[in-house]
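Two complexes are shown next, each including subunit A; its partner changes from subunit B in the first to subunit C in the second.
Up next, the complex of A and B:
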């Protein structure tokens, strides 16, 4: 299928320029797609590994917490955890992966005094399993944040990869063939008109000759 | 913008422990409450929202809506009853979207 244009030299020139631009754009988008894809798959792979680690640790923490609630009443546990001493200080930075804006997370503890501040309760009335659960959780925190960062980045890249892929395909399978065909159509039309013109001239010349003779 | 914060959304037993880390624990029982809570958390500008898988199961469409925003990052985590594999499933969908086919998770399933 070709574009609807007038088969003249002006259009031909314009279409040739468009074709050239389309080809160049196609090449660049293809490179972009390949690189995006590489980064995306990289992130997905990291995400998968990290998720396994995090899920395993969170499962362990949940188990320990369950043990804690078994040996003390849930009310005691909840009370013990009600007022955390730690203040989580989260910082969000913007990063740029191939034109996709992603967030990077960075954190620090806002508590006053080291590890003891992690436990917002006295040791007397709470089971040791609670301490273990909290320790496991706090150790998981950096990975947990990293997981959020990577997963979000991968999601955003997925959207971008899809967009770029569609553009590449639209250029490759729709616009460029269309332009090529239209250029061919115009060239043929012009050639045909040229031949028609030539025969007409030859015929006229012959008629003139005959009239003179 | 106020300082970015982290929230955990899920059933009581699952989110309890995260309080200690300085996360804001939000308890939501039932899909309707969870939806409302998620919308509220997003509006309040939380940077990271961890959602317990069992809670997320009923509102995957609501979570998918925020997929193309740069923030918040919504991450599914296993709850107190173990992993349901929803977190991996989410990544799998992203791969399918980008590549057009599942090329990473097919074998391990």
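Up next, the complex of A and C:
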């Protein structure tokens, strides 16, 4: 169904401009959607790989922590971990992926003694499995933050892909056909008016000739 | 045998009865083969743990049951022991543990969480918090003023038995060292160590050293030779394990020196020397093997390190530690008088609770009996 406009030349010109803009917009949005999809699939691939690594490490850490809690009373484990030693400095920056603002985590962490400075408890009454769990968890933390970054970016990109896809479809299947139809309608109306004018002029001319004769 | 040992005759007779109620290997095997933690508790209902197991409502509640059983046994043994002061070493470990928890909380300006405290400590929470608050307040720097440097004591064996009055004749009780004095000093030293070196592990290490000094003072009391032997072996094994853990974590010799405990047969200086002689973790393990070869722990260290190389974890070493200490405790079975059977029974009960915790945690997590068996040491009985 065409748009409800007056079928005049001014509207025709306006609609032609709108159609041109819509076609250009459609092409750009299609390009954007394709690029978003490419980036999205790239993120999904990274996410899958990283998630496998993180889940494997978290599983290992959970096992080690479980064995630590089995070797010592919960009070010993909770007291050992009650006063964390490492400090995490996390800054959230914003990145722009095809107009989508995604979070990027810049972080630094550690204690004065570097990697060896992980353990906030004394060794005499704590099980050695606790060291292994802490080490595994500390090795996982950078990947865990990167995973959070990627998953959130993928989620935002998915929303944007969906939005862009809907816009492309709206342009492709609704707005552009409607504009084309309306332009065609106005053109036909104008052509018909033109033909009517021509016929009228020819009739007038004929009548003038007949009167002169 | 001294006259003082004779006073344990009644206590030892009662201990022999209690020993019969300890879980044996057969029962432990049945527990291992149980389908889940619920079935383990059901099987425990037939044992000394019956009352405690019946009170378990579900979830992690079995931890309270195990603590309640330990508390019951400690109170019972203390009630018939002629020298209850000598047995306070057992409860003192929990008191010092609670001190660590309240000190850490006080330094963070918070109250200690209930979960970090052991119900088996001998000093109540309010008293410990007062001690911690005093220690934290004492050395605190005023705004704009740096904290005064405090000397931090490093592992040494105390020169004499302070606060120990020695008894030994029939009818006279041995007055061992007062826990509270050690706790107060430990709090101050721990806060000073934390402020000097900056890590929360310094609190644990300083408190552990204070506990060790208390244990050594107690172990010097005549009649406590068995306890002395146990403290010496436990200290050596704890230090060897600390050496391994620090070597694997790549920590420096200075931090190792602060973490090692005094009072073992292997001097702390020799351990640090061996640690400093090799820069890489692998070389440090070899240096430890060389050092341990000249001590009674040579075989244990070699086997522990080979198990670590095979499994990548130190639980094999810890299992060997438990077995070594159990072997020592079993000597008490041959003693008819004295503190040895009483102390050995308390430690055996604690070991039993550790095994039960392993089984209950393992069953709750769905671990196989084989996996649990790998980690289990042995029973005293």
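As a working rule, the second predicted complex is superposed on the first by the 200 of 213 C-alpha atoms of A that agree within 3 Å, B and C clash if a C-alpha of one lies under 4 Å from a C-alpha of the other, contacts with A are read in each partner's own complex, and residues count from 1 in each chain.
In the analysis below, contacts are C-beta pairs under 8 Å (C-beta built on N, C-alpha and C of every residue); 3 or more make two chains touch, one makes a residue touch a chain.
On a predicted model such as this, the values are computed, not experimentally measured, just so you know.
J.: Can A:92 be said to touch subunit B (first), subunit C (second), both, or neither?
T.: Touch status of A:92: first partner only.
J.: So, A:118: does it touch subunit B (first), subunit C (second), both, or neither?
T.: After superposing on A, A:118 lies in contact with both subunit B and subunit C.
J.: Quick check for you: in the superposed arrangement, does A:155 touch first (subunit B), second (subunit C), both or neither?
T.: The answer is first: A:155 touches subunit B but not subunit C.
J.: Examine A:73 and indicate which partner it touches, taking first as subunit B and second as subunit C; both and neither are also allowed.
T.: second
J.: Of the partners subunit B and subunit C, which touch A:127 in the superposed model: first, second, both, neither?
T.: second
J.: Using the touch definition from the top, say if A:61 reaches subunit B (first), subunit C (second), both or neither.
T.: Touch status of A:61: first partner only.
J.: After lining up the shared chain so the two structures overlap, which partner does A:34 touch, if you call subunit B first and subunit C second: first, second, both or neither?
T.: Touch status of A:34: no partner.
J.: Check whether A:105 is in contact with subunit B, with subunit C, with both or with neither, and answer first, second, both or neither.
T.: A:105: touches subunit B, not subunit C.
J.: Across the two complexes, what residues of subunit A are contacted by subunit B and by subunit C?
T.: 66, 69, 78, 82, 84, 118-120
J.: Would you mind writing out the residues of subunit C in touch with subunit A in their complex?
T.: Of all residues in subunit C, those touching subunit A are 60, 63, 66-67, 93, 97, 100-101, 104-105, 107-108, 112-113, 115-118, 198-201, 203-205, 207-208, 212, 238, 241-242, 244-246, 248-252, 255, 259, 261, 313-315, 317-318, 354, 357-358, 361-362, 365, 375.
J.: So in the complex, the part of subunit A that touches subunit B is made up of which residues?
T.: 37, 40-41, 44-45, 47-48, 51, 54-55, 58-59, 61-62, 65-66, 69, 77-78, 81-82, 84, 86-92, 94, 101-103, 105, 109-110, 118-120, 133-134, 137-138, 141, 144-145, 147-149, 151-152, 154-159, 161-162, 165
J.: Which part of subunit B faces subunit A closely enough to touch in the complex?
T.: Listed in rising order, the residues are 3-6, 13-14, 16-23, 47-48, 50, 67-68, 70-71, 73, 75, 77-83, 87-88, 90-91, 94-95, 97-100, 104-105.
J.: Quick check on the complex: what are the subunit A residues that touch subunit C?
T.: So the residues of subunit A touching subunit C come out as 64, 66-67, 69-71, 73-76, 78-80, 82-85, 111-113, 115-129, 131-132, 135.
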